[in-house]
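One chain, chain A, appears in both complexes that follow, with chain B as partner in the first and chain C in the second.
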Partner chain A sequence: MDKARMWRRGVSPRLWLAGGWLLLALLAAIFAPLVAPQDPLAQDLMLERLPPFWLDGAEPGYWLGTDSLGRDLLSRLIFGGRIAFIVAFAAAIAACLVGSTLGLIAGYFGGWADRIISRIVDIWMAFPPVLFAILLVAVLGTGLSSVILAIAIIDWTRFCRVIRAEAMGQSRMDYVENARIAGYGRIGIMLREVLPNVVPSIVALLSLEMGIAVIVEAILSFVNLSISADDPTWGGIIAEGRLSIHQAWWVLVFPLITLILTVLSFSQFGEALKARFDPVLR
Partner chain B sequence: MTARIFHREYEPRAPAKIYMLLQRFLIRLATMLITLFGVAVVVFVVIRVAPGDPIAMMLPPGATDADIARLRALYGLDKSIVEQFFIWLSGVVRGDFGTSISLRQDVLGLVFNRLPATLELAIVALVMAVAIGGVTAILGARERGTAVEAGIDIASGAALSIPDFLWGLVLILLFGVLVPIFDISGRVSPQLDLPFVTQFYFFESLLRLRFDLTWDLLKHMLMPAVALALPLAAIISQLLKQSLKEVLDLDYVVLARVKGFSETQVILREALKNAALPTLTLVGVQFTFLIGGTVIVERLFSYEGLGNMAIDAVINRDLPLIQGIVLVFALLFVLINLAVDMMYALLNPRLRHG
Partner chain C sequence: MSACLDIVNLSAVLPNGQRVLRSVSLAVQPGEVRALVGESGAGKTMIGKAVLGVLPSSVRIVEGDMRLEGEDLGKLRPKARRTLIGARTALIPQDPLTALNPSRRIGPQMTDRLVRILGWSAERADTRIRQLLDEVQIRDPERVLKSYPHELSGGMRQRVLIAAAFAAEPRLIVADEPTTALDVTVQKQILRLIAQLQREHGTAILFVTHDLGVVAKISQKVSVLYAGKVVEEAETAALFAAPRHPYTRALMGATPRYTDPFASLKPVDEAVLAGLAAEIAAVDQAWRQPHG
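Then we have the complex of A and B:
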């Protein structure tokens, strides 16, 4: 299959690039106070809308330029990465725990459990996700934990749908029947036999979900509903950039590149993991 | 019971088929109503659990307690949650979605005023997605195994991984700022005089042959539509190409090739018909995702649609309006799924013959 060839030849360097970017961004975020050249909140109207370093009028120390309040863009991006990664990890793991558990139960036990869980998933799928997220954060109040909770509440269905289908497939396999004949309990089989076989899908989905969580956080802070408006977030910087697009394009371009690289990296990881664990493609 | 009807040999085929479709339709309709009821419950619970008093925000400073109580009673906020829900639900069933708190207008009227703008945008985006996805799939299938196919794979991979929100921003930078050929905000130039009777400006301008207006509308609509279309185009491209490549190895297609048809003719005349069905089902589900994407994309382009109004409603804590908008979106989603399901049942030969 051509995909298998692609995996052997093409994906590995891309995977290295993706991993390199994520590691770089993550380290910068963790060590933000050490790495950031300026205070991300310091306003200086003398330094407003400085262009990035290769253009005329740039100031040393403000590598990517400044926004309309004279705040250093690079430092804001680095600090914004903290929020992005916290949300990515926490929200994706929370969504994964809820969704995978329900999906496993629905897929393995079937019957009423499946009917109820599937109906709830149907109801969830009838919501426009972005609107649902905005509504939840408005209701829960802005703040980091609200954003994480909102994303988890919305996106658990992504895990549930896939894991349900996989667990359903697994539970029809011979080895499950054999385990039952050998006298294992239903919950024991689910956890010890079925779960390990769906873990690869869970891991791949987790990586994809992290990219999605980064985007949703950016969207929420874009409409000014993420954390407090003062803290730098990627979406918040984009909102500023959208406003001053004709005066200072760099305020929009750099966070956009950052977001695109991050999302592509997470999805590359997810795809690669999926291909790696998929017995057909392997 | 149904099985017996099917197996009676003297039963004519056509009524059995209609019966089967009708049965399928009714089952889907019932699940759809349950889903909608669930959506109503979830929205209602989410909003009423919310801290913060919407009434307090409507009153001028110095309002007395009596004023507040009167207003609460006016909006039914003084009753129990269950009572409030059923009052609201019975209203919704009768088409009464209540009055918007921030805009002081009938919610249904507000929603219907904005819905056409969103539908137009979504439909234009869908058409673009099908066109782009279809053409690249056919091209990729024709040039399978070449650099062209590899290029299409990479492009569709990127189009799929980058969400509509980011595509919108990229397009704003490219065609709004770098090469400013399109408008990056609004639905139509404000100085224009619009002779329309419906809110479907784009479609109506086409029908009235007012192509000057069509062009202005299109200049505003094109970028948000492309942003929404790209991820869906990528999915269509990938799936349709895969199905085409599978079909292209089948005997009847090989036969057409032997008969001397060119590869493009083989694909268009023989393969496409049979490869399109799995894509059709997928497009239905993905179309609801596309409509969900209009919320943020409309915001990004200040396009005056339902999604943009929804975000304002959330920021203003306008409960009746939020409920109305979310329910209309949900209704739209389940109706699309129902339509796709019925279409699939009609077109799929395996289901068609029971």
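Then we have the complex of A and C:
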């Protein structure tokens, strides 16, 4: 019965469009060596600034054209997606684990735990995030793991604040009081009664955060602080595209479209998942 | 034989020093239904919460004893107190809509407590729950056990909560206005169900309500509460036959009657309220002297 109803209500275009794009991008990133038509690093000055396939002068096999060094744009976007997704998943999950745990504790236990955690969050959020990220990567050194770490360190507060507020509301509910009367311990109640009710919000935030992580990674690679300069990243390609905007607009436009679609899909996917996870909305 | 619940001289204050419970004493004998009646804000629910150990953190008990089957709750360590309360009491809550966890299915919610807190085997808990669902006249237990709370009506949820309250055979159930949030037609069924299960299981009930009609139907004894003070205590039949306190008389006067709907709805008399205020002030005065 549950399943039948899920299917009936399940045709939310939001979920399928967003999920479809993410799945496509993810699969392309995972199987990048198989799908990418060219070597993303192969330079060929004879093929520089080829236009995308529907314009005059396009070469077959270079669907979205090439950049000023003659590298295939589509292949670079696909390989850039690998880094984008790794950063998105790792950083968002790390931020989620730290932020949700602290938020749950602050919201459910209240009192001193709440005061301490909330003050830390307030102080944390006073830092301008992008500047903070750049600073962190500058200190930690460039590289995949420091980008992930920087994003997690900055963005756990997002989870903490939302989950704290939700846990606080939950802990005033009658079923929490009932569980206390029945003799459950505080931590047991937090995990069994409160946590399941904040999971939909955690899922939505997690997906949103993945989108944010993609943006931050793009920003960091735009200012050349992300991964080594050789690996293609979306931010890196955008930075290159900016320089040749008048000769080859496609080098700027395609990575931007990819980035926007991905970030938008993450946030929409999260919202749709939240509705799906919530037993009352379901 | 010791009382199932024995409250002696219980006083509680808010942080600003205002008393919310004024030396409340009341006893519930095993298997007895004791009604606790009063206006909203009289402290009825507060007494229930105090017994169950879930008072809001702002309310502080400043004196008095509470004994559950002879065990002094104030003398137990917090953990032992929780275990005792968990094993011997249960709550039938006021609002069945918020008393069940919306993200968990009914079945696990009901058996969980038996298995985790009381250490029953899963099969025994399952059998027990089905038996109780049958007793509260739920005809399709399979569907109910698999449902999420929002898939059931308010009356069904209250039946589930009643079944859950009786499942572990507690000695005392606190029923906190269990019919207030329900439809009038459903109220009657639920009330009858509680009375029936109470008789069959021999459970003592502290029945909190503002409805004298409900008091007359279900309870053997009544405590009338005003501003956190018990103003009258009597056998239910005696109270209805001859209320002694003017406030009780006024409350009865304010109960709607089908035969004479308009004339019966009298607000409590000014003189009665003035008398009550004086009584409360006198009590507080007498209380403050030894307590500084």
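FYI, the second predicted complex is superposed on the first by the 262 of 282 C-alpha atoms of A that agree within 3 Å, B and C clash if a C-alpha of one lies under 4 Å from a C-alpha of the other, contacts with A are read in each partner's own complex, and residues count from 1 in each chain.
As a working rule, contacts are C-beta pairs under 8 Å (C-beta built on N, C-alpha and C of every residue); 3 or more make two chains touch, one makes a residue touch a chain.
Everything numeric in this text was worked out from a predicted model, so none of it was measured.
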So, after the overlay on chain A, do chain B and chain C clash or fit? They fit
In degrees, rounded to a multiple of 10, the angle chain B-chain A-chain C between CA centres equals 90
Query = With the two structures laid over each other on chain A, which partner does A:D230 touch: chain B (first), chain C (second), both, or neither?
reply = neither
After lining up the shared chain so the two structures overlap, which partner does A:G183 touch, if you call chain B first and chain C second: first, second, both or neither? second
Examine A:I215 and indicate which partner it touches, taking first as chain B and second as chain C; both and neither are also allowed.
first
Partner touching more residues of chain A, chain B vs chain C, is chain B
Using the superposition on chain A described above, determine whether A:M173 touches chain B (first), chain C (second), both, or neither. second
Review point. Looking at the overlay, does A:E193 come into contact with chain B only (first), chain C only (second), both, or neither?
Key: second
Using the superposition on chain A described above, determine whether A:M125 touches chain B (first), chain C (second), both, or neither. first
(message) Under the stated touch criterion, which partner chain does A:V263 make contact with: chain B (first), chain C (second), both, or neither?
(response) first
Superposed, chain B and chain C have a smallest C-alpha gap in Å of 10
Residues on chain A touched by both chain B and chain C none
Interface with chain A, chain C side, in the complex: residues 52-54, 82-83, 85-87, 89-91, 93-95, 98-104, 112-113, 116-117, 148, 150
So, in the complex, the side of chain A touching chain C is made of residues 173-175, 177-178, 180-184, 188, 192-193, 196-197, 199, 278-280
In the complex, the residues of chain A that touch chain B are 2, 6, 119-120, 122-123, 125-132, 134-136, 138-139, 141, 211-212, 215, 218-219, 222-225, 238, 242, 245-246, 249, 252-253, 256, 259-260, 263-264, 267-268
Per the touch rule, the chain B residues reaching chain A in their complex are 31, 34-36, 38-39, 42-43, 46-47, 49-51, 145, 153, 158, 161-163, 165-166, 169-170, 172-173, 176-177, 184, 288, 291-296, 299-300, 307, 310-311, 314-315, 317, 322, 325-326, 329-330, 333-334
